[in-house]
Amino acid sequence: MHNAILLISCSDKKGITAKVSNFIYSNGGNIEHADQHIDAESNTFFMRIEWALKDFSIEKDMIAEKFKVLASEFSMNWDLCFSDEVPRLALFVSKYVHCLYDLLLRHKAGQLKCEIPLIISNHPGTKSIADNFSIKFIEFPIDADNKFVQEQKEINLLKKENIDLLILARYTQVLSANFVNQFPNRIINIHHSFLPAFIGKNPYQQAYRKGVKIIGATSHYVTEELDAGPIIEQDTVRVSHRDSLSDLVRKGEDLEKAVLNRAIRWHLEKKILTYNNKTVVFD
Amino acid sequence: MHNAILLISCSDKKGITAKVSNFIYSNGGNIEHADQHIDAESNTFFMRIEWALKDFSIEKDMIAEKFKVLASEFSMNWDLCFSDEVPRLALFVSKYVHCLYDLLLRHKAGQLKCEIPLIISNHPGTKSIADNFSIKFIEFPIDADNKFVQEQKEINLLKKENIDLLILARYTQVLSANFVNQFPNRIINIHHSFLPAFIGKNPYQQAYRKGVKIIGATSHYVTEELDAGPIIEQDTVRVSHRDSLSDLVRKGEDLEKAVLNRAIRWHLEKKILTYNNKTVVFD
Amino acid sequence: MHNAILLISCSDKKGITAKVSNFIYSNGGNIEHADQHIDAESNTFFMRIEWALKDFSIEKDMIAEKFKVLASEFSMNWDLCFSDEVPRLALFVSKYVHCLYDLLLRHKAGQLKCEIPLIISNHPGTKSIADNFSIKFIEFPIDADNKFVQEQKEINLLKKENIDLLILARYTQVLSANFVNQFPNRIINIHHSFLPAFIGKNPYQQAYRKGVKIIGATSHYVTEELDAGPIIEQDTVRVSHRDSLSDLVRKGEDLEKAVLNRAIRWHLEKKILTYNNKTVVFD
Amino acid sequence: MHNAILLISCSDKKGITAKVSNFIYSNGGNIEHADQHIDAESNTFFMRIEWALKDFSIEKDMIAEKFKVLASEFSMNWDLCFSDEVPRLALFVSKYVHCLYDLLLRHKAGQLKCEIPLIISNHPGTKSIADNFSIKFIEFPIDADNKFVQEQKEINLLKKENIDLLILARYTQVLSANFVNQFPNRIINIHHSFLPAFIGKNPYQQAYRKGVKIIGATSHYVTEELDAGPIIEQDTVRVSHRDSLSDLVRKGEDLEKAVLNRAIRWHLEKKILTYNNKTVVFD
C-alpha cells in the first residue's frame, strides 16, 4: 500500500491544520509526514501532508472529490499526488554530458523515483549514451528559422510520451515563452552560476574575469524570463587565484550535478511549492 | 499576546496530529508553526506545535490541565511552554573568553531571548567582563578535595537564582554525575572537536597531531559520560598543512562561537527534543 | 629579530625565482616562506617571499636600495615590508556594531597585528564602544552639501594620524572618487552580499525578495566604482523559506564578521597582491 | 615539451630555495610553479618545484644524476617526475559502484591524467562495468584461508602490469601488512567517515546511532594500521534527524566520490608529500 500527499497553499486562517488532519484521521489515515509554513509577509499558509492509504476509507480516486469541499472552504491551491505515481522525465541536453551521466547513474542506482523514457537534444553527440542506457534519443536541431516549428514538434512528442517533468541538463537553447508556458513549474533548469550573479552566457568566464572567490550553481523552474524563475536549490564552492578557467569549469560541474540532482529529487518527492517567484522546499 | 508551544513525543499512532491540532482549533487558537517527525526505527512520533493565545478560550494556566487528557490517551512525553517566558541562564567559564564575549554581545544585540543573571567560574580572570556587562560573577575555585562541596554550593546558588539553563562556555572542569543529574537536558556544552573524534583534553592538539584536513566543534547536552551527551549542533572548517596549532585554535574558536550560539538559540526557542541520546531539532 | 617580506609582480621571465632567492641567500638570509604564482593568461609572475633578518648582511634600511637593481632588471612592481611594522588602522562605522565589536575583540585577543587608534563615524552612536576600548572617536556627519568638506577633513585627519589602512566596517556613506584615490588598495570594505549579486542598497532585502537559497558576504578593496573593487574574500551560508528577512540579517552578519576579519588579516600579513581588478591571496 | 617536477623534503637550512632554483635557472629552465613549506615543529623543509624542460640544458635522463650532488648536500628526500609520465592505476572494488563509475567517467572526460588498465575485485559484480569501459577485470575471491595466496597473486599481477598507484574504491577487504608494505604511499583508500571518528566497519551506521549532525569522508594513504594512514583529503556534509540511515549513505556516497577524486588528482599531479603520518598537499 502507498501514501497520499497533499500540497496546499492558501491565505492563513484558523483551523486549516485541524481540518486537514481531521479529514485524514476521521477517514482512517495515518499521517506519516506533515510540514507547514506561514509566510508572514503575505499571510500565506503552505502545507505538505502525507498519509498511509492503508485502512483509509476513501477510495483513491475519490479522495480529490471528497477533499474539494474543504479545499473550497479555504480557497486552497492544492495538489493531490500518490507515492506510487512514477513521473516520466524528459532530459534536454546539448554537448555537455556530466549532468546527463550523473542523472542516468543515479536513476539506475534507484536514487530517483521516476522513469526516463526520453532524451531530447539539439546535437547528435549524446545519442550513444542514450543508447547505452536504452533510452529513446530524438535530435531536434534548432536555429533561428526553424525554432518555432521544432519546438512545436517537441511539445507534441512530450505530450505523446506523457512527460511530466522536463529537465534542462545543460541544454544550450533558450526555450520560447510559448514553449515554457505549456509546462508551468514542470521545467527544471541548472544554471552554472550563483544566481542572480552571472545570468546568461558563459557564467564561468564571467566569474573568472570578476575574480570571485566562490562559484555556484543554481537549479530553478523555468519561466519566460531567462534564468529568473523560482530558485529551488543552490550551492557554492571555493576557488582561488590558482584556479584557471578550466578549474572553475571542473569544480562547477560537480556543483551542477549535485544541485540539479537535489532539485529533481525534491520535485519527485512532491516537496516543492512555489509562490511569488520563490519556492518553499519541505526537505 | 503571546504563543503557546507544545513539545510532544510518544509512540506513533493514528490521530495524534488531528487530535492535537483539533484541541487547539476547537479552543480558538491559530497554529503558527507545526513540525512533526516519525523515527521509523523506534516508531516514535515527535511534534512541536505553536499557536497564538490571542482568542484562545482556555486560560494560560489551565492549558496543561486541559491537555493532560489527550496526553495520557497517547502516553505522551510533553512539555508546554510560552513564548513570553524568558529563561534564565548561567554561564560557566574558565579562562577562554571568546564564547563568553560572543554570547554576551549577541544577548545585548537582542539575538538570544533570555536573561543572563549569573556567570560562574573556577578562575577569577573573567570577572571584569562580567562587571562590564553588569552580571553577577561568582568564583568557585575547584580542586580534587573541594569539588563535592563547591558543586553543592553551585547547585544551591543555581536554584536560588532560578536558573533554567546552564551553558558551559569552554568551562574546563568536568562536572560530577551528581551535579549533571540535577539538570537533565539543561546543561549545554561546547566541545572543541568534531565529536566523537578527539574526546577529552586538548582536541586541537589531537587534531594537529593526526593531520586532519577539517576541524570541528560540537554542542551537546551534558550527561554523565564525558563529551557523549545528545549532540545538538556541529560545524566544521577546512585546515591545511600551513595551519599551525595556533591557527587551528583560532579557526576553531570561531566555530565554537557559532555552534554554541545555534544550540542555545534552538533550546531557547524550544526547538529541541531528545531521544536515544540523540536530538530532534525543529529548526 | 624580525623578517623581511617582498611582494613582487612582473612579466614572467626565466630566472626571477633564482635571482630573488639568491639575493637573499647570498646575503645570509634564511627564507621562511615563499609562494609564487603565474597568471597564464597575462603571463604575469607573482611572488611573496619572507626571510629572517637574523644574520642578514644588509642593513634593514638599505635592503630596498640594494634590491632595486634586481627589481629594475625584471621591471618589477614590488613592495618591501617588515614583520615588525605595525600598521595603523582607522575603522569607519555607522550604526551597525557587529563588525566593529568583532574587530575590536579580535584585536584585543591579539589576532590582528595592528594598532587601531581611530574610529570615524557619520553617526554618534558608537562613541561609547570606542570609549570602552580607549580609541579616539571622531564624528563626521555627512550630507550632500558638506560631503566634500567633511571628506577633506577626514583625509587630513587620516594623514595626521599616519593611518595605513581604512576599514569600512558597515560604513553607510559612499566615498567619493577623490577620497578613494587617496588610498589605493588601502581601503577594505565589507559588502553584505555575494558580489556581484545584489550590489548597492539593502542586499539582504534583495536576496529575500529573490528567494535565494544561499546568502553571502564579500570583502574587497574600494575603488571608484561602487562595490566593484578587487575581491579579497567571500563566504556563503545556507538559508531557506523558513528564514525571515531578520534571519537573513542575523546569519549574514556572522558572515560579514568572518569575511572582513580574514580580509584584514591577509592584508596585515602582506599576503595580497592585486592585478586586473582581481587579487592573488597567498594564504 | 614537458615539465620536470621535484618533490623535496629535508631539514631546513639556509640556501635550499636559492640553490634549487639556481640549479634550474643556470641550466636554462623556466620555473612554472614553486611551493614550499616549513614545518616549524620538526624544522622540516618541503618543496615542490616545476619547470619547463624546453631549453633546459640537461638531458631528461641525466637530471637526477646531476641533481644528486645538491640533494646530498642537504640530505634531501627527493623525487623527480615528469609531466609526460602517465601513471598506471589499478582500481580495487567490491560491490559498491559509485566511486568506480565516478572515477571511470572523470577519466573518460580527461580529468585524471593516468591510465586505468586494471580493475581487481573480490566479487564478480562489477565485471560488466569494466567491460563497458574496456578495462581488464580480474576477480580474486578472498577468504581467511586463501588470503595470503591471493594477495601474492595480486602483487604479481600488479607488478607485471607496471601499476604505479592502487585505488581502494570502497574495496571491502583489509589488505595485509605484507601487501601494504609493497606499495608505500602508493595505495589510496576512501573511508566513509570523518576519520578518526568511526574507524572500521559500518561507519554510516555508527554515525546514525551516534546522532551526529555532520557526516564525512576521508581519503588517505594505506598503512599497516587500519584507517590510520596519512590523511590526504576530507570533506563533510550536514545531516539531520530527518535523514534515515539510507539518506546518510546517499549523501555520504557523494562525499566519497568527491574526496577520493581530489586525493587521486593531487597524487597524479605530484602535489603530495608525507611526513609524520601526515601530508603536505601543495594544491
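The first chain written gets the first letter, and so on, giving A, B, C and D; residue counts start at 1 in each chain.
As a working rule, a contact is a pair of C-beta atoms (placed from the backbone, for glycine too) under 8 Å apart; a residue touches a chain by one contact, two chains touch by 3 or more.
What you see is a predicted model; the values in this text were computed from it and never measured.
Comparing the centres of all chains, each the average of its CA atoms, the largest separation from chain C belongs to A. Remark: among chain pairs B-C and A-C, A-C carries the greater number of C-beta contacts.
Taking each chain's centre as the average of its CA atoms, chain B and chain C sit 37 Å apart.
Centres computed as Cα averages put chain A at a distance of 42 Å from chain C.
Shared interface positions of chain D, defined as residues touching 2 or more other chains, are 242. Residue ranges of chain A in contact with chain D, taken from their complex: 97-98, 101, 105, 109, 111, 132, 242, 250, 254, 258, 283. Considering their complex, residues 37, 39-40, 46, 194-198, 210-214, 216, 230-236, 240-242, 244, 276-281 of chain B touch chain D. Note for the complex: chain C touches chain D at residues 12-19, 21-22, 24-26, 28-36, 38.
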